[in-house]
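Both complexes shown next keep chain A, but they swap its partner, so chain B is in the first and chain C is in the second.
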Partner chain A sequence: MSTLSADPYRTSLRTVADWGLVAIAVLTLAALALPVGALGGAPVGWFGGMMGGTLAPLFLIGVVLAVVAGRSAPKRVWGAWVELGGVALAWLLPLHLLNEGVDLSAGWGLWLFLVAATLLLWRVMGVLAGVPGWTRSVVVPGLFGLGLLVGWEVLVRGFQVPAILLPPPSRIASALAAHAPVLWDDFRQTVLTSVLRGYVMGCGAGFLVAILADRLPFLARGLLPLGNLASAIPVVGIAPIMVMWFGFDWQSKAAVIVVMTFFPMMINTLAGLGNSERIQLDLMRSYGAGYGRTLVKLRLPNALPFLFNGLKINSTLALIGAIVAEFFGTPVVGMGFRISTEVARMNLDIVWATIAVAALTGSGLYGGLALLERATTAWHPSMRRR
Partner chain B sequence: MTFPNPLDAQEKAAFRQGSEKSVAPVVVEARKLSLVYPTADKPVMALSEVDLTIAKSDFVSLIGPSGCGKTTLLRVIADLERPTSGHIAIEGMTPEQARLKRLYGYVFQAPALYPWRTVERNVMLPLEIMGLPKADRQQRAREQLERVGLVGFERKFPWQLSGGMQQRVSIARALALQPDLLLMDEPFGALDEITRDHLNLHLTQLWRATGKTCVFVTHSIAEAVFLSTRIVVMSPRPGRILDVIDCNSLPRERTLDIRESPEFAAIAHRVREGLKEGHSYDD
Partner chain C sequence: MIKRALPVTVMTLLLLAAWYVGAAWLNWPQAAETLTRAGKPAEFADVLAQAYAMKRPILPTPDQVVAELWNSLTGYAPTSPRNLLFHTWVTAEAALTGLAMGLALGILLAAGIVYTRTLEASLLPWVIASQTIPILAIAPMIVVILGNIGLTGLLPKAVICMYLCFFPITVGMVKGLRSADPLWLDLMRTYSASGMRAFWSLRLPASMPFLFASLKVSVAISVVGAIVGELPTGGQAGLGARLLSGSYYGQTVQIWAALIMASLLSVALIAVVRGLELVLLGRAGVR
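On to the complex of A and B.
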């Protein structure tokens, strides 16, 4: 906001007016000339027909008021929050129209208006992203995600996309609620039983073998090429074999996960153990510290960023491994089993709900590890507070 | 063995002079020390027939151009390198025994602080390895941080300190072991001149107060003359000792003012002449 006065030499046509706001105003004015939708085949304008019509004018007035108030707010950030309210109001309009039974697929006035609202959101996010603390780290990404969900909802419902192709998020949410007990059982079987056990075994084994291979160079030389080989093994190939070896229950899923996670963990640990500088190792040597103390006091702390790298990669690999492995045989429970059977029965709502659970689980695991990493490697240059 | 080294006579004279003046016990003794690095094209002679005796409470500087083996010599004393031939003893022990008994503290070119440890815990690191109880560790760390003027920074992390402060932490860490022998490898090489002067003054006071034996590698003539009781001038290809200069004409207590004295200038001149001599052979 102060760049204008700080640099008088750059004052030009480009900087004398708020061109972004002008663009939004032009788009909105153009939108007013077009219908917002159709009711029974007849186009519906912004201000409706004689008989009642919709509440669209109220939404329009609300948004305009929010923008005017936002512009005249004493602080740019306060203004941004007010404008955010305007954006929310604008995106609620299509939901209101849908409730009124209006067909939005030809409502080009509405879509143009929503484009203008999105431009406004863009500006708001630009301001909020500059506010340090929770606003920047939580609110902005949260609003971004919410915006995507609302956009998905409005577009899918507005253009009447068949639910079999892509259901709106609200429908997925109600499927989540309706099938909660089944989804919980699947979650328990797949995540709490197979994934956690396989993950701990795979990562633990990878870590321990890396420590061993670090002491015995021939082991590292022999195992590293195998790592490349193992990373090229397709899950769909290994999963049925593991089911034959270890049976239908969690053991076969854990085995698939061990195969998938062992080498990433081992390779990352080895790289981390090699990450200590000569001068740091000399220092330990000058203290007469042996292998074990050097490992614990120097090399493992230095390896932590690498260990977390391996753990994070493996958290998603493990989930994918378990779900795919369940396609090839499982007791009649589990997320992979659910997806494979419900797809066959065209029960796509529950499939989408399972996908949502898997996505949330994956990002939850990853996010938890990232938080743990931040807590334990706050000293690392990539983590230091700005 | 019978091959006469032109510098031998001079060196021995220096020894004799030293031993006549005081009966201080010998801390480091090197005889015909050589070290050859095998490299791809031809072996590099990092040290060639080096003879050196360092007495207790001496402050000895090793000075010379890069590649003259001064750091290598220090690393041999610290048992971070093994000599190819010759004899070296630290307080009558092999360097390995001395290292395992933690007889020396080593200050590296870079601070080499562990970024995940606070300043205090960095200083306590060698004490943890020694197995000292926690109360002792804290007490010693506090003493040494006080000595280098870093009280109040115990909870800071290394990256929150300036370069000069970091190097002071690394000196405190070396002192925390309470070694009789302090080995320093260009500890102030990366610092600006003002900080360097300040730390030099600090170091010489510390040396006076503790009576430790110091071996100090540098390529600054002024620094060497200011700090040392003896200056060892070295020359590269092969790394060898050209001259050993006594600084007894300077008082043991050093202030920054002595740098203006004629004695200081005379010693600095001799060091410079020695370094020039070393260069004349290979260029």
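On to the complex of A and C.
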């Protein structure tokens, strides 16, 4: 990156030598001098003795080849993709060694090498972040996330962190697969039953009251300060009360969600309804359009970005409300129930699997709403490319 | 003023009226049963009085809650666990520690995102994705895990608050650090000011209005985080613990008192932030 963007009139060492690559090379060379780990108590080097027989040298050659090929590629971006292959190979090495039964916590060689590989990844991401469009918006964050996952896996397994503190992602994935029926039941109870019903009721009520308040300004002036107050107070605290009132099943969860989602939706709808410009309203009046027609044809479409903002905020709130309410009492199914009971039984991999489901659900809801927003408000000025 | 105060007053009164009606309606069957069991006549007025004076009502009346708050606040020393101030302080301590940690993390991330393109492209999407995960829901687990490494008490709760707080601060600060006028940035360059100098003297001051806007949001969710973080500790101290023990023993008045106290705490903290904002930004000449 530095060679391309540097000022051509300024000659300095920076433009001549690629210090980042030098640092990576030095780290790798230093790593080669150190053992990669221990096998049955005896240290294992990179070139692994006769008995070890690890494939480490092959990985090393592959990485070096990828970097050399990447550096000599005619375009910097192509080179970055080739170097990415090298990074992948470098991070696969510890997984291979772990499968061979090598104790990685015994030597520092591999870890230094991985630091070098991470630096290389950083450079690759730096190049790819300069490519506009799909590469920048999807590939780079994807690489970052993947890097975090692999780093988590390797660190946890390499240093043998007890699973009770933090299981590796692979174990969470296998728990996800092994307990799929249970997790599906929880998902159905919490998301498909409680969250969806509460969400629809809460957002619907917020929306309708906002329309009403738009007709009656007195109501709006009274409700808006209350709404602002409600955003400051910990609404989720009403969960125990709702469980007392509505029982253990989905009704109490839906009630919590309704209270949590009502005000954000109302405030956003009101803000959105006020978003139409004077000149547009005047145009509608000149067409002889009444209140209803103006609302449907002009003001609601104009309010869509605000409506989606409220819906997106509420999607996370609804999930939180349902799970927290389940901590206070639930039939023996549901994500909050699963988390609280399995934590008590120290089955942390099921808990993590549930958290993974919750995270995927939350991101899925949010992402789905974002896609829907893009589909329905593509014409709106706020969606124009900056 | 009247134009603004009147609707709010009317709404609040309506709400209170609805509360009393709701309390009568919800407590009615229980109150009537108590009276018939005691062999007293179940006239309308008697049942109503009974419904408003139950020890464990389904919905306590506002005056019961206020009385409970008053008893708790004035009847015991502030250091006694029977005084709500003690619990409020426990919660506030965790929320404020978490807020400070979230502030540091948020500003650090924002500075990184503003100054390095790679971080902007790779990290910013994950910062946003991190908030679609219902962290509050998994808060108890964080408390338990950190408890396993020997971290108990304040810190696990503070970590949850930090996770909740850093997001608005990061997003606000990314905007704020970029809000410095390009002309002024050019001016800094003509002074041959270093990047650090431009950061401390121009970008950071320019971001302050954004920081305070984010802080107001963060304070509120930090209190929520602290309360939810107290749920799994099994009812030792804190407003969340009061909620939980109230729910276990059916002490509805206690739950409502804790809820009101939590709301007051959060409103008070936001007021403090607003006051700080007025003073600091006023001195900086922003307003």
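Note that the second predicted complex is superposed on the first by the 352 of 386 C-alpha atoms of A that agree within 3 Å, B and C clash if a C-alpha of one lies under 4 Å from a C-alpha of the other, contacts with A are read in each partner's own complex, and residues count from 1 in each chain.
Going forward, a contact is a pair of C-beta atoms (placed from the backbone, for glycine too) under 8 Å apart; a residue touches a chain by one contact, two chains touch by 3 or more.
Quick caveat, the model's predicted, so the values are computed rather than measured.
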item: Chain C versus chain B on the shared chain A, clash or fit after superposition; value: fit
item: Chain B versus chain C as contact partner of A:165, first or second or both or neither; value: second
item: Partner chain in contact with A:195 - chain B first, chain C second, else both or neither; value: neither
item: Which of chain B and chain C A:80 touches, first, second, both or neither; value: neither
item: Contacts of A:380 with chain B and chain C, given as first, second, both or neither; value: first
item: Which of chain B and chain C A:265 touches, first, second, both or neither; value: neither
item: Partner chain(s) touched by A:102 [first = chain B, second = chain C, both, neither]; value: neither
item: Following superposition on chain A: angle at chain A, chain B versus chain C, Cα, nearest 10°; value: 80
item: Residue contacts with chain A in the superposition, chain B compared against chain C; value: C
item: Partner chain in contact with A:145 - chain B first, chain C second, else both or neither; value: second
item: Shortest CA-CA distance between chain B and chain C [superposed frame, angstrom]; value: 16
item: Residues of chain A that lie at the interface with chain B and also at the interface with chain C; value: none
item: Footprint of chain B on chain A - complex, ascending; value: 277, 279-280, 282-289, 293, 297-298, 301, 304, 377, 379-381, 384
item: Touching residues on chain A, where the partner in the complex is chain C; value: 122, 125-126, 128-130, 136-137, 140-141, 143-145, 164-166, 218-219, 221-223, 225-226, 229, 231-234, 236-238, 240-241, 243-245, 315-316, 319-320, 323-324, 327-329, 335-336, 339-340, 343, 348, 351, 355, 358-359, 362-363, 365-367
item: List of chain C residues in touch with chain A within their complex; value: 3-4, 7-8, 10-12, 15, 26, 58-59, 117-118, 120-126, 129, 131-134, 136-138, 140-141, 144-145, 148-149, 220, 223-224, 227-228, 231-232, 239-240, 243-244, 246-247, 250, 252, 255-256, 258-259, 262-263, 266-267, 270
item: Interfacial residue positions of chain B with respect to chain A in the complex; value: 78-80, 99-102, 104-106, 108-110, 112, 114-116, 125-126, 128-130, 157, 159, 177
